[in-house]
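Both complexes shown next keep chain A, but they swap its partner, so chain B is in the first and chain C is in the second.
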Partner chain A sequence: MRREGPVIFAAIAGLAVIISGLFATDALKVVKDELDQWYLITTAFMVLVGLINLNLLHVRKISQKKEGWGYSIVLLAGMYFFIVFGLMRGSLGDAQYGWAYNATIVPMSATTFSLLMFYIGSASYRAFRARTAEATVLLLSAVVMMIGVVPIGRVIWSRLPDITSWILDYPNTAGIRGIQLGACIGGMATALRILVGIERGHLGGEG
Partner chain B sequence: MFAKDMVATFWMDVLFCAAVLTMIARSRAGKRIPAVNKVVGLDALDEAIGRATEMGRPVHYSPGIGDLQNAQTLASFSALTYVARKCAKFDTTIIVTNRIPSVYPITEEIVRQAYVQEGKLDRYSEDSVVFYSSEQFAYASACVGMMNRERPAANVLLGGFWAESLVIAEVGSQIGAIQIAGTANTHQIPFFVAACDYCLIGEEIYAASAYLSKDPVLMGNLVAQDWAKMTLTVIVLVGALIATVSPGANWLATLLNR
Partner chain C sequence: MSFWHTAQNLDRRIIYVVLFLVVTYVLIKPIGLPIVVNRETQRAYDAVDKLAAGSILFVSADYGSSSIPEMLPAEKAVLRHVFRKGLKVIAGGMWNEAGAMHDLAWQEVSKDFPDKKYGVDFVNVGYKPGAGVLLERMISDAHQALLGIDFYSKNFSDLPLMGEFKTMKDAKMVFAFTSGDPGEKEWVKMVTDPLRMPFATAATAVAVPGQMPLLQSGQIIGILKGMGGAAEYELLVKSPGSAIAGMDAQSATHILMVLFIVLGNLGYLMTRKQTT
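Up next, the complex of A and B:
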């Protein structure tokens, strides 16, 4: 029953949500809203689990003086600063909390995000080496795209921007839609396998 | 009774479910089911784990940054089950990194169960499964730091990935890890194709559980999935033909939008 209970509950809850999307009745809407609330509450509780894990991991690292343990102190200090500060001031709408958040987490996230520029450069360099027929097609279309979207492209040949638009609108869109179509069907099949209980990976590694 | 524009969706769902359940019933009855295509990326998991084992270095697994409402995350759990069992079997260290708090206890249980099933619970380390941060780029930075310190020989990224995909994959490439990545997020697939050795495209990650387990019941499900894809391809071709021959005719679109 330890395994069957969650499978039965997942099947009932999943079917209720699917049926509420297909049929418009007030009773189904109430059930769906209630299940959404349960999901939110469970998810909020899981944050606590994550917090405990993070805490244990870094406290252990500090106590054992593992390599880079100083960073763990910074991490825990930052985490508890935001928890305590948020509890004292209220995170939403508080100017000082907002400043602390916007002056630390936002620029650090932006810094990591901006690294993408360099990574795109190095990944493109490897991908565009014309070693195979496919890589050559990739290289040619990339060159056309890169030159076609900058002003010099029009100067070189006035039709180049039209070619870039055609590549984006037809072969590219067709490819993306094909992948999305397959992914949607795959998602549905995965959902169905979970609903009928033949896929149980989400229960902790049982098939 | 039907929600707005859901009549056609309902009947297509019914047909799809019928096809899946029929194939499952056939498989359970021991009847022959058609073969499915090879998924090279999933075949390469053994190679990647084997390489990590030979080099004595860890395997890094990320289930992506999608939450439990994302089917990609659920599909990733099956691949993690396989990877974790192989790592447990060969005494290879596995490091599973999490961004979503609700995903973390599940991945932890999957890895722990893998060690239990291989009879090696004493080898299981609580440091194997870690939660880094629910901030997208804080998670990416933590993964990059861990990869530079631990230098995993295999980097498996399967699930929902967004802008952090290339940050993690490119660092994996720089440290020389064999990389297997897959996502259904179309905008991230080119990054994985460029940076990784093997890339699972779109629905291939949903095939992981069936393909890796070789369970005939699950394989039957894959066949139904292929049938549905072929049916939709035919509908798309018919639609393209109608739009080409008779540009004003939109009866097919009207029928599907009912």
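Up next, the complex of A and C:
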């Protein structure tokens, strides 16, 4: 029952939500609204689960003095600082908490993401090589897109932005539609497998 | 080692240094390249422009602080347009930094609009958990779905604008700033398609290709594509900001990358020729 219970519950909950989307009756709406509430509460609770997991991981790293354990101290110190400070001061509406957040998290996130410029630059230089016909098409498309989407593209050739738009509107959209359709069908298949209990990976067992 | 062999195996530190120098130089000495508004940005602008004064626009910040360079200038430009039109804004989002991003935008834009009051013209409801489920619940009861408090922990009962916004049906349009998942798909599935509501987005450059099918089907009216789209919107609202300032650097960086790619390919082709 320990393994069958969650499977049965998942099946009942999933079917209730699916059927309520197909037949709009009051009784099903009540069930769905209640399940939605449970979903929202569980989602919020996941933050706590993540916090505990992060704590366990880094405390273990520090206690065993694994490589990079100093960074783990910094991580935990920063995490608890903002947790305690936030619980004491409320939210960004508080001037001091807002200053701490805007002076640390915001610029550090933006800086970390901005470092991608260098890695993408180096990766592009190495990856875009005309080794095969397909790679050559990819290379040419990438070069046209990179120049066409920025203002200098129009200065170089006035038709370049139009070619860029054509690439986005036709080949790209066709490819993305195919990928998204495939992903949706795959998602439906996985969801059905979970609902009928064939897929049990989420329970920590075999699928 | 021949020149061509070196050309296809440049030390990455050379690439890093050259990139850094070029970007820094262009930021200090801008070139002033012309920016032309493209049709997708114009459509998004026109959709907001058509709204009657007093209409409520729901603005969703589905991005984090790592996407600030592309998204925040777009959000500020849109807010400026909205306030000039006399529209009202409910600002929320499905990402946990949504409230912080709206706070940054409001703090700066409100300085130019001293007549706009928090709680009357703009409310930041911040992030609430649930993604698509949250949006679905906002259709029937937004106050309950948003837990009755805004980002600054004020009760909705103390905010006059929330008296006009009871459900998503009270909004006339949704404008989402998206950089990933959850994002535009949740808005289309749960709100804008069922309610037939106009929907425009500002997306990070990497997220734009994924939104093109929705644009073609008309489920998204217009897209501000990355920093370029933000710069075009700043041009349309006649408020130059960091997006326009960054376009010259973006142009220089892209050209530099193309030159490196060409150099690498020339090195590859020439060394392959020598080998054969």
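The working rule: the second predicted complex is superposed on the first by the 187 of 207 C-alpha atoms of A that agree within 3 Å, B and C clash if a C-alpha of one lies under 4 Å from a C-alpha of the other, contacts with A are read in each partner's own complex, and residues count from 1 in each chain.
Definition applied: a contact is a pair of C-beta atoms (placed from the backbone, for glycine too) under 8 Å apart; a residue touches a chain by one contact, two chains touch by 3 or more.
Nothing here was measured: the structure is a model prediction, and the numbers come from that model.
Contact with chain C, but none with chain B, is seen for A:Asp169 once the two complexes are overlaid on the shared chain. By the document's definition of touching, both partners, chain B and chain C, reach A:Gln180. With both structures placed on the common chain, the touch criterion links A:Phe113 to chain B and to chain C.
Look at A:Pro161: by the touch rule set out above, it reaches chain C but stays clear of chain B.
In the superposition on chain A, A:Ala24 makes contact with chain B only, while chain C stays out of contact range. Look at A:Arg126: by the touch rule set out above, it reaches both chain B and chain C. Residue contacts after overlaying the shared chain place A:Val149 against chain C, while chain B stays out of touching range. Within chain A, the residues touched by chain B in the first complex and by chain C in the second are 39, 43, 105, 109-110, 112-113, 122, 124, 126, 176, 180. Those residues of chain A that touch chain B in the shared complex are 18, 21-25, 39, 42-43, 46-51, 53-54, 56-57, 60, 67-68, 71, 105, 108-110, 112-113, 115-116, 119-120, 122-124, 126-127, 176, 179-183, 185-194, 196, 198-199, 201-202, 204-207.
On the chain C side of its complex with chain A, the touching residues are 8, 10, 12, 15-16, 19-20, 23, 33-36, 38, 64-69, 99-100, 103-104, 126, 129-131, 133-134, 136-137, 151-153, 205, 208-210, 212-213, 216, 225-226, 228, 247-248, 250-258, 260-262, 264-265, 268-269. The touching residues of chain A, when paired with chain C in their complex, are 33, 36, 39-40, 43-44, 90-93, 98, 101-102, 105-106, 109-110, 112-114, 117-118, 121-122, 124-126, 128-131, 139, 142-143, 146-147, 149-155, 161, 165, 168-169, 172-173, 176-177, 180. Those residues of chain B whose C-beta lies close enough to touch chain A in the complex are 1-4, 6, 9-10, 13, 16-17, 20-21, 24, 67-69, 71-72, 74-75, 77-78, 80-81, 84-85, 98, 101-102, 104-106, 108-114, 117, 126-127, 130-138, 140-141, 145, 149, 163-164, 166-167, 169-170, 173-174, 184, 186, 189, 191, 193-195, 201-207, 209, 213, 215, 217-218, 221-222, 224-225, 228-229, 232-233, 236.
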